[in-house]
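The two complexes that follow have chain A in common; it is paired with chain B in the first and with chain C in the second.
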Partner chain A sequence: MTAPSTGAPPGTGRRLLGLLTPRPYGWPTPVATAVGVVVALALSSALITLTGGSPSASVQALFQGSMADWTAWSSTLLYAAPLLLVAVGACVSARSGSFNIGQEGQVLIGALAAAWVGLRLAINGPVLIVIMLLAAALAAGAWAGLSSLMHRLRGVNVVVSTMLMTFVAQQVVAYAVNMPWLLQESRVGNAPVSPQSNPLPPSGLLGSFGEYPGLQINGGLILAVAAAVVIAVAITRTPWGFRLTMLGRNPLAAKHAGVRVNALGGAALAISGALAGLAGAVLLASPVGVNRLQPGMAMNIGWDGLLVALVARNRPLAAMPVALLFGVLRSGGGFLAATGVPSFLVDVVKALLVLAFVAPPVVVALARRRRSGGRTAGARQEAAPVAEEAIA
Partner chain B sequence: MTTVDERARELTPPSTPALRLRGISKRYGPVVAADNVDLDVNRGEIHGLLGENGAGKSTLMKILLGLVQRDSGTIMRGDTPVDVHDPQDAVALGIGMVHQHFSLIDALTVWENVILGDTGRIDRAAACRQVEEVSRRYGLPIDPTARVERLSAGERQRVELIKCLRRDPSVLILDEPTSVLTQAESAELFTVLRHVVRAENRAVILISHKLAEITAATDQVTVLRKGKVVFHSATSETTPPELARQMVGRDVSLRAEGAALGMLPVDGPVPSGEPPAEPPPETPAESAAASSDAAPATTGTAPALRLRDLTVVIDGVTVLSDLSLDVAPGEIVGLYGVEGNGQSTLGDLLSGLILPSSGAVELAGRPVELERPGALHRAGLGIIPEDRHSSGVVLDMSVAENLVMKSIGDVSGRGFVSRRKMHAVARRLAAEFNIVAPSLDAPVRSLSGGNQQRVVLARELSAGPGVLVAAQPTHGLDVGAIEDMYRRLRDAASGGVAVLLISTELEEVMALASRIAVICSGRITGVLPAAEATAERLGMLVGGVAA
Partner chain C sequence: MSAADNISTILSSGIRLTVPLAFAACGEYLAERAGTMNISLEAMMLGAAFGSVATASATGSATAGLVAGVLIGLLIGLVHGNLAHRLEVNTFVVGLVLNALVLGLTSYLITISSFDSHQVSQVSVPWLRDIPLIGHPLFVERWPVYLLLLVVPLTWWLVERSRWGLELRAVGEQPQAADVTGIRVNLRRRQALLWCGALAGLGGAYLAVGEVGSFNQNMTAGRGYIVIAAVIFGAWRLGRTLLGCVLFGLADAMRLALPALGLTMNSQLLVVAPYLLALVAMLVFTTRNREPKSLGQPFVRGST
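And then the complex of A and B:
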């Protein structure tokens, strides 16, 4: 078919992350995905039964906690918003080929910045929340940008540095809420002080449309959906997105075509960090938590958001329903404990579902390769994506 | 040089074959890589193996090392036929090889690399002692505890040699050993090899395409061409021109055919009366002479492409050295040479992927700011890169997207890419360049090699370049696609585009170019009008000897 390609495909290092690079050209995989989901659900039921629970009661509980009434829906949407923000950011960096996996830390840095600005300024009026969101985006964007800088100056692997920076971020936030001069809550009388900040002033909270017990739609969700739409348009329709995609799929060709590889890759990383930072601000300022900066407030939203992007195959619009599904699992997961099923099983179910969505393309590609067989050029062409996905 | 030859002559008579190959053949599909090869390698001798790319040198050595299984023929050690099924057999037979591309692990130290692959307990002290002992015996100074990543190319090669020599091989094979070495390092290497054959009566096979090296260092020489032994002689009884002719050995008719096809431009600024450069070999004057050859400065008009004293140093190795070359509008200049002499570095440089350490690229008389992304493209240089998959196309993007890749701004309006405009451009180019694709939205990955190459060519020519660089443009293409490519390159030239054809295929260069520049070890060793390019002269230049 084609000339034998010499050696490894271009940008092998980056393409180890092939699974996270979008590949929109017709996977004949919906069937395989459906089968995967069924298998995942069957396995989940089996696990629940094994641990002494009842699958039907578990589904009931999940439903009760996430979708049964407006209150449950409101809680689901509160979780979905930061998940979606993180996922949209992950789409941007993955598309550019610099794989940011440090969202958990960037979420914290965003929350830290928002809390600091919100508590220090404490002005009235809606301008405060806007400033908080901007501060969160800037701080977390810069935080992620550090990894790009490290890569450029010393060749530090972006995947490794973004991830390790998460642990630094956790320490930074823990430090901030333990230092009275920084963000630790004020002492009231002789009451012990906890490692957390003061509650935000009302002007620093994200408002909601609708009221309990009706459906509440928080400003964070609107922000997240808007971000998803804007990013989706930007990466699929603009010259900037075109260059970003080119960079992600073949950095050498991108450089050859005159793309400012370092600047664009760094910007993608910073944008993904900024969106994760926004997620942190949303966690802080929306009624999903206690509106105080706490070291544990990221609640794995950063990691789960990454999974959302993984399942959505780095398409921001596809990330919307996936984020909703993950929100369902989160808000329903709390209810599950009541049925006697260990709530960590929700994480197992989540993992199985991720596999159900992620595995089919690999399986299909492997099957296709086996079918074509032989050492033809065609097989070699096919081999590249398969290898990438097998590693991812 | 003559002294070496004299010494060699003293040594030759009492030689006995350490290794004999009889009728070795190997085919890869329709390609005959080794055709009934006979070769005797004597103890106490350095045996030169000379040939162009694809002459079958590597295949033959891989067969000896058990990396490739021969189809037929016998390998004999002394008079007993032996079998070499895998590299372990080769080691047992006492065959050791230093490959052209080092197989060292950068992060490990010298002694660790040397004992890599040994079994049993690791004894650091003993390993270091052994390294030191071997290094003393052969005059290969090296610190056993140094990390390989800190070593120069010459030092790395010493490590490779020590790896080989400590196993006491009776036959030592070196594949293009000087390609990464400086002149001084090469000289040292040959001193060591002399010692290995003289004092220890081992046999050495030296694979090279450099004539000077072969004549200076070897006792016997065998020339391979297209898998066949075409020539064999004692080195002292042959001459570089003879070897050059045997190595390249093409029909002169090719040139006539080229002329007949009418590619030789009639009015181009071809320096016809150009005297061939004849400086003594291995002097710095050589490249200077070559660059003055290359400059048709007398014509007054600025050349479309001028490479000026380009030097590229990668990891301490000078890959391109003061390379200068001019290409005039409407002219096809062929840059011919054996693979690995700096061509791909030049291609990368002209693709904007690397920057030169010094020197300049001028387009239409203006120097290009190479550090600015896309500057070469904007200045009117189109390029068909050597490896289209690595920088020519994005395999997972569509045909249309690949076609507008460098001009995405032209198909965008008000901040958005216009699919309509993009498809219009793509449709036009696909029709014009006969790109056969399932659809314009199909990924380039799904196209045949010839069509992928047409995508690259269409994109590069659509920008209306003043210069087109084609690096190995027909590599891996079928005959039809090759003809198509040739036609389009000629059309481009007759349309006034300056074409620089970088190729390792002599036929290709002869068929297309009106002037031929020869590159060896990163330097232009000479520029000849195609009409004066005889096999002998090209062979000498390719071998690093000015013709």
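And then the complex of A and C:
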């Protein structure tokens, strides 16, 4: 979102000058964000320096692991795909006003459904992976829909229920991979069995497309980009998206305008769950893991995807570069250890970056309101959407 | 081992697992009564656990570690309070980010440093410790455990009997009305978060320098979320919240004791119990009617 520059002077040069000049309503959001990012990066390099590492070596290692050659790029894209799927889903639910924070669990439920279908059917041909993806979306969509149902029937807070359901989902998956009659791997001779499922059949794996020299574009990425484009168009160009945004901005007005609030809100939550479930299926079926259902396989992709949506301020198209950046951090993080800097550094950088993107619009809106003395209704109404979009 | 010994062992391990939850629950209860759904509880506990071990190792005193833990909890409460109730960033977003930040930061720091092991001393109450079955679990404990005897009544008194607590509850129920009567809503919410941070810090520090004596990566392992579940399960009443903590602590102890008892029960049910019970409490009982009316909603003067 660009800050409405009040009475911007014509001409690029003067506009640039205008951006940098403090104005009666404070700095515009892009400038404040840029300052935030600089502060975040400065803090991160200070952390590296204080703990005896070298920031430049760390950046180099991150680059090595994520962008230096086609293999690194392939690995980055492998991580970016599920992140983008989760983030696009988070955009839908956040725009509808119900904040879904249970993606980590929904990812697992999606993977569970995909693994169950894939291992039970085990048919040959590309139809299997399609069925698996559908099953993952349906199961995780229903899982998230439960939260909407709880909200509708008993008034349970959606944020709280989606959060609690995450921990339930983790144990459901742990149970499934510990039960031989469910999904635990079959015993071979006297070898001990681990809490994980059998590997998926080859027909249940997502293939890589476009054999460019070395660069592997996984099917999951194509799915994620398609989802981002479809959801972006749906949100900005369709009556459905208009109703969704209206519901998020002002539920009461939406209700009076004839929006079926419960149905639309429930659908938004279910869609966000379904997309997180797809991310789970992609994690399961792409070469990012071992192609078995394991309790730890979500690897915080759900939480990180949520952060991607926050940085992208709930715009699916903006989520694409952000997911790529988070993918870079993830795949480069593995190379950090060689420089003596623990790979956990990328988690710190991620969190600081999110703060740098989330706080400025709110602060700018607040400053604008304060300066106008909170008296004029016009200033308040101008500030309100800014604050709401930054909510999540 | 006899059945009595088994019960006694599970009881003492259950109590030890309950104590960190109980400290944090007193804080979270107060913060939620003031209207903040404080997700960053996990960050407070984890950060305090790390800070207490680091400080204990640097100073050689476990008590200094405990104090450092409280200070770190306060600091995170301060950051959360200012971001959410001064700058008006969504409180859940602040919580998520702080959790991610503290988890990343502590994991980063523990990977590159090593600390000596320090533990606070044990207190054994004469006479009482000889009571069969419950004597040993209740009366041979690390000394911070007995701080609960101070913290729980104090929290209750603060919320239910003090003027500050009355204002706090007003802020949690009807911030607009409270604002009109001259209560500074966001200030009260920030203060509530400070109380929450101090106690969550105490809980996290107790876990580290009280029980374990060292820090390991993601040591709290979701205990903050369990406490949030306990407050919901307790329907925003202090007594029931603490009952929830005891239940969840005992469930955890049972899970750890299962192999020793030779039971082949699936541990997943015990792990999931807190979350399921919290969900059931919200669904089946009418606890949601006791929820502070503006829980999790930011206060903006002039909006409805």
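The rule is simple: the second predicted complex is superposed on the first by the 338 of 392 C-alpha atoms of A that agree within 3 Å, B and C clash if a C-alpha of one lies under 4 Å from a C-alpha of the other, contacts with A are read in each partner's own complex, and residues count from 1 in each chain.
Keep this in mind: a contact is a pair of C-beta atoms (placed from the backbone, for glycine too) under 8 Å apart; a residue touches a chain by one contact, two chains touch by 3 or more.
Bear in mind the structure is a predicted one, so any value in this text is a computation, not a measurement.
Student: In the overlaid three-chain picture, which partner chain does A:N178 touch, first (chain B) or second (chain C), both, or neither?
Tutor: Only chain C; A:N178 stays clear of chain B.
Student: Where does A:A46 make contact in the superposed view: on chain B (first), on chain C (second), on both, or on neither?
Tutor: A:A46 sits against neither chain B nor chain C.
Student: Return the chain, chain B or chain C, that is in touch with more residues of chain A.
Tutor: C
Student: Should A:A257 be classified as contacting the first partner (chain B), the second (chain C), both, or neither?
Tutor: first
Student: A:R237 contacts which: chain B (first), chain C (second), both, neither?
Tutor: Touch partner of A:R237: chain B, not chain C.
Student: Touch test for A:T245: chain B only (first), chain C only (second), both, or neither?
Tutor: First partner only, chain B.
Student: Quick one: which bits of chain C touch chain A in the complex? Just the residue numbers, please.
Tutor: Contact set of chain C toward chain A: 37, 39, 83, 87-90, 92-93, 96-98, 100-101, 103-105, 107-109, 111-112, 222, 225, 228-229, 232, 266, 268-269, 271-272, 275-276, 278-279, 282-283, 288, 291, 295-296, 300-302.
Student: Taking the complex as given, what residues does chain A use to touch chain C?
Tutor: It is residues 47, 51-52, 99, 101, 150, 153-157, 159-161, 163-165, 167-168, 171-172, 174-175, 178-179, 303, 306-307, 310, 340, 342, 344-348, 350-352, 354-355, 358-359, 362-363, 365-366, 374, 380, 387, 390-392 of chain A that touch chain C.
Student: In the complex, go through chain A and note every residue touching chain B.
Tutor: Where chain A meets chain B, its residues are 1-6, 9-10, 21, 23, 25, 237-239, 241-243, 245-246, 249-250, 252-261, 381.
Student: In the complex formed with chain A, which residues of chain B make contact?
Tutor: Within the complex, chain B touches chain A at residues 351-353, 373-375, 377-378, 383, 385, 387, 389-397, 401, 405-406, 408-409, 412, 415-417, 442-443, 445, 447-449, 452, 475-477.
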